[in-house]
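Next come two complexes built around subunit A: one with subunit B, the other with subunit C.
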Partner chain A sequence: MNESRGLRKAIIPYIYVTPAFLLILLLIAYPIVTSIQLSFQDSTTSHFTIANYQYFLTNKIQLFNIGYTLFVSIATVLLSLILGFILALYIRFNQNKISKAVVALTVLPQFIPGLVAVYSFMMVVRNGGVLSRIALKFGIQYNPNMLYAAKGLISMNLWFNIPFATLLLLASLSSIKDASIESARDIGAKKMTLLKDIILPSTYKQIFIAGAFVFMSNVGAFTTPFLMGANNPQMLGVVLYREFNENMNYNQAAALSVILFLLCSLSAVVYIIVNMRKEKWR
Partner chain B sequence: MKFIKKAAIFTAGLAIFASLAGCSNSTSNKKATSESSTKTVKQTNVTLWAGGSQNVKDGMTKIVSAFNASPEGKKYKLNLEFIMSGTSAASLQDRLVAAKKAGQKKTDYDLILASDAEYSGYTQLGGKDIFLKYDKSAIPNIKNDKATVGAGQGYLLPYRGTTVVLAYDSSKVKNPPKTAKQLYAWIKKHPGKFAYNTPDSGGAGSSFVQTALYNYLPKSALTSSDKKWEAKWDKGFNLLKSLDSYMYKSGGKVVYPNKNQGTMDLLTNGQVEMIPAWQDMTTIALQSGTLPKTIKMTQISPALTGNLDSLVIPSIGSNKKGAEAVMNFMLTKKAQNILVNTMAAIPVINEKEITSSNLKYLKNLSAKDFRFSSIGDLSNDMNQKWTSEIGNGVK
Partner chain C sequence: MSRRKFILNFSILFIFTFFMYGPLLNTIMLAFATQYQAPHIIPSAFGFTWWKNVFSQGDLLQAFFNSFLIAILATIVSMIICLPAAYAIARYEFKGRSWFLFSFLLSNAFPKIGLYTAIGIIFYKLQLMGTLTGVVLINVLNTMIFMIWIPIGAFQNVYKQQEEAARDVGAGPIRTFFKITFPSALPAIIVAAMYTFLGALDESQGTLLVGFPQIKTMATSMYGIILDQSPMVGAIFAILLIVPAILILWICYKFLGKKSILQQLFVK
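And now, the complex of A and B:
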């Protein structure tokens, strides 16, 4: 009797996990395995080949596309972390009507469908758009030149990602006790010291995690670069779409998927390392 | 141990239940169809599958209700299944090919809309037997159909035309070009005032590129998917390369926007003065006021290419007779007028039969000049070559 209860206890967790595990197996593991398999096949003969990878890693245009994707993603990560962190600091340490309004504004973009946001943004920043028209009212000919350029893409990404980063960082900032800050102040700590010795050590994990998430969601982005990006260089999401839907080159598309997957796993590695690390000061 | 037993019984029970549910489902389905066929005088269902933008949906919805109200509607009940483009849903082609490859038979893919340009894609992926030939004797109205398809003759029944035209801002362009040569000269004379979308993201840009390439080739090339023509594209591509630096620029860099709407937005905002655009899309935009009233359309000679949208019967459908009745209806005066009204389509029957006010937009374009292309798989190669030689930067 006792033995069967022990067995039962051992099995129950697996039963809980099984549905999710099966779903992951079906929807994530299986496609990954098939794409890896497909990526090493020749499109006509189905024989083993590494030509699909060779194409992306030697073709000048494709290398440029990979570099461009990394540039846009990393710029988005850095800027959204810096701006998000400042915003989170402001919200955490100021409790007034303005800061409450800022919180509401920060949450707002999560409720706007992405496509609507992209089109609205395009209407505002395009040459001859809202900004240009306002400038024209004051007799100034002004074209933002934001569309079809990296700066437009990065700005749009920031619109999506600053709120996300802010909310994540805010969560970890609110775990800092007011008492610790006050007592540090009492013994004469300056603002920079507070930031360096109390705030950063207790939030750096979240900063890395937020960065990892922002990076992952931007490396494979499609909608924004498709609508706002230039003809060249292109973000990998758009290149992948073309390989798959227009060139119908499934093997090359699979190879590019694997490359994208590897890029994304870079940030997964960061995520895992940061999570595993034990904090010395605790 | 007990638990394992319980679990085993539970899963077995679940399996039995599922299979029972499956059975009962299929029996009830059969019942429903047999019931409806006994009640009315053998009315059978015909399902028309269509895909595209909102205007296609509006037009087809009206066609469906007009058909069901017609005498033929007593024998066949027409239903519409619509797949809105750009909703990331699987395309009609993917669905049909998948159903065929899965060995499905007697599906409700009774009739679909496909253009002659899409025909080769279907047959390449799904095999030649993916479609059935229509029976001419079942479609008496076919004698009024003026259009002839470039591919899939005997399978595709053309029912409306669409073409790409030049849309221009008449407040800025006083004398629009009349020939292709004049157009290219105009582009060079007005740097930054012309834009066409990337050919793989929309038909307007694709037509512009195709026209540039095929103006150098014999007429028959335009309806051929023979690879030999690819070797003769160079002249056209050189022309496009020479035009590259005169295209619309943003921040000093030449831009070919994505999608037909991309260039239309530039025209709306006054960033450019002339673009290649779909005649139906432009008409609808003018009607609804999203394009300024000063925008006008004109056709050049030789014309920018267009498509013939057609009806075709998939071999895995289950109501060929009904499908042919719908085909016949689509060529009636009534149906053609609906198409011109709702979709600004180019009618395939004699224009005298058309009473729609939209005809005034079509008249300016001298319908006899319409040039239909069907180069099949070559269009993929064309897009790829364009991307590598022009889209990725002209060297």
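And now, the complex of A and C:
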């Protein structure tokens, strides 16, 4: 009697997690296993083949697409980290009404639907859009040529990622005590020394983590490149969508998803390495 | 503040605001324009003509309706599936607990478009392509992180002594849950529900991949509108998508204050 009651109690948590876990099995585990399987199959004979991967890794256009995706993502990571870091430093070390306003203004964009942001940005930067019209007011013929070019994609990505990077870095900058900065200043440390010896060592982890997140969300980007990107070269997210929706080549689509997963796992590796290193810098 | 410093502060604020908010403000202005020809920066005529145009397009109205239906369904299903799991993880010590938690957060570790294509291949097999069920499932998966993560924290903060006191005076486990545990965690659950609702309302990639063209939402209609309708139609849809977001942000702010909103941001 008592034993069966104990058993029932032990089972209860498993019953509670079962529905959610089944959903994960159905919508993550099963699709991913199937994708990996399909990616190694020929589309007509279903025999084992590595041709689907070969296609993406040898075809000139596809190689160019992979390179382009990495270029846009890495440029986005570097620029949003640099600008986010500068903005976070500014907010941390200038405590006044204006810097507080900047913090408040960083939060809101996170809640703006992505498509609304892309649409609004396009209206401003398209040729003949707001920027062109403002230039014309000053008598200058100006076309930003931002749409269908890497610079447009990167600027849009910065819109999405600077606030995120700033808030994440600001959190770690806030943990630096004013006292330690002041005492370093008292013994004559210059601004660069402060940055190198106090600020960077205590924030570098967060910098890498923010970078990993930004990289991951941009390697697999779809909406921005679909609307703002060119037809050649294309970001991998768009290539994948076309492969799946227009060419209906599921084996190649599966191979490309696996390639995307692998590229994304690069940032997971960075994340894990950074978290494992225990304050070696200090 | 010295003059130089003031100018520096002000120019940072100006550049940042112009870059982040200029486009949005421009969109809000365009939504109420009737004439927007080059070279005018500010539309030469304002009015509601385009609003009438949008509300007379049947498929756009349908998209509006679909968006809210899917968001409501996704929120309800998500609560039914995720809340018990969150409760178990918050309140029970059991083997594999951290692995279950890890698996629930897994969907955010993959590039979304890759995962959606993989799911799409399965949905073809299961004949869920282009169905409401399929779209709702995608949205539940997408927002799972809110409905697991936020309630776990809330359930952990309910005082055990209070529950034990209720049990001591003779309340059963179910009654204790609904009289003590659930009400204490309710504010956080409401916030989680709002995030889920908002996430589902904004979701476009998964719905486009799995539901299009049978199921159109406001968000997926935006793709077509941006590519081939007048700028004003896009601006009106943008407003229809922003307003719920702002409302929900404001309500969360009232409920929990600024700090908790900032914390939730990193869950994304």
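Throughout what follows, the second predicted complex is superposed on the first by the 252 of 282 C-alpha atoms of A that agree within 3 Å, B and C clash if a C-alpha of one lies under 4 Å from a C-alpha of the other, contacts with A are read in each partner's own complex, and residues count from 1 in each chain.
In this text, contacts are C-beta pairs under 8 Å (C-beta built on N, C-alpha and C of every residue); 3 or more make two chains touch, one makes a residue touch a chain.
From a predicted model like this one, the values you see are computed outputs, not experimental measurements.
Trainee: So if we stack both complexes on subunit A, do subunit B and subunit C clash, or do they fit?
Mentor: Overlaying the two structures gives a clash between subunit B and subunit C.
Trainee: If you stack the two complexes on chain A, which partner ends up touching A:Asn232: first (subunit B), second (subunit C), both, or neither?
Mentor: It touches subunit B, and subunit C stays clear.
Trainee: Between subunit B (first) and subunit C (second), which does A:Gly128 come into contact with in this model arrangement: first, second, both, or neither?
Mentor: After superposition on chain A, A:Gly128 lies in contact with both partners, subunit B and subunit C.
Trainee: Going by the contact rule set out at the top, does A:Ala149 touch subunit B (first), subunit C (second), both, or neither?
Mentor: first
Trainee: Quick one: is A:Leu87 in contact with subunit B, with subunit C, with both, or with neither? Answer first, second, both or neither.
Mentor: The second partner, subunit C, only.
Trainee: Is A:Arg8 touching the first partner subunit B, the second partner subunit C, both, or neither of them?
Mentor: In the superposed model, A:Arg8 contacts subunit B only, not subunit C.
Trainee: Figure out whether A:Val270 sits in contact with subunit B (first) or subunit C (second), or with both, or with neither.
Mentor: In the superposition, A:Val270 contacts neither subunit B nor subunit C.
Trainee: What's your read, subunit B or subunit C touching more residues of subunit A?
Mentor: Higher number of touched subunit A residues: C.
Trainee: Does the superposition put A:Asn247 against subunit B (first), subunit C (second), both, or neither?
Mentor: Touch partner of A:Asn247: subunit B, not subunit C.
Trainee: Mind working out whether A:Ile61 is in touch with subunit B, subunit C, both or neither, as first, second, both or neither?
Mentor: first
Trainee: Would you sort A:Ser257 into first (subunit B), second (subunit C), both or neither based on which partner it touches?
Mentor: Second partner only, subunit C.
Trainee: From the options 127-135, 163-171, 181-189 or 235-243, pick the one stretch of subunit C whose C-alpha atoms clash with subunit B.
Mentor: Given the superposition on chain A, subunit C and subunit B clash at 127-135.
Trainee: Find the residues of subunit A that appear in the contact set with subunit B and again in the contact set with subunit C.
Mentor: 15, 122, 128, 226-227
Trainee: Can you list the subunit A residues touching subunit B in their complex?
Mentor: 4, 7-8, 11, 15, 61, 122, 126-129, 143, 145, 147-149, 226-227, 229-232, 242, 246-248
Trainee: Spell out the part of subunit B that touches subunit A in their complex, as residue ranges.
Mentor: 1-4, 7, 198, 200, 250-259, 262, 265-266, 269-271, 380, 383-384, 387-388, 391-393
Trainee: Using the touch rule from the top, collect the residues of subunit C that touch subunit A in their complex.
Mentor: Checking each residue of subunit C against subunit A gives 1, 9-10, 12-13, 16-17, 19-24, 26-27, 30, 38-41, 80-82, 84-85, 87-89, 92, 94, 97, 100, 103-104, 106-107, 109-115, 117-122, 137-138, 140-141, 144, 148, 198, 201-202, 204-205, 209, 219, 222-223, 226-227, 231, 234-235, 238, 241-242, 245-246, 248-249, 261-262, 265-266, 268.
Trainee: Along subunit A, where are the residues that touch subunit C in the complex?
Mentor: Within the complex, subunit A contacts subunit C at residues 10, 12-17, 19-21, 23-24, 26-28, 30-32, 34-35, 38, 87, 90, 94, 96, 98-99, 101-102, 105-124, 128, 130, 132-134, 136-137, 159, 162-164, 167-168, 216, 219-223, 226-227, 237, 240-241, 244-245, 250, 253-254, 256-258, 260-261, 263-264, 268.
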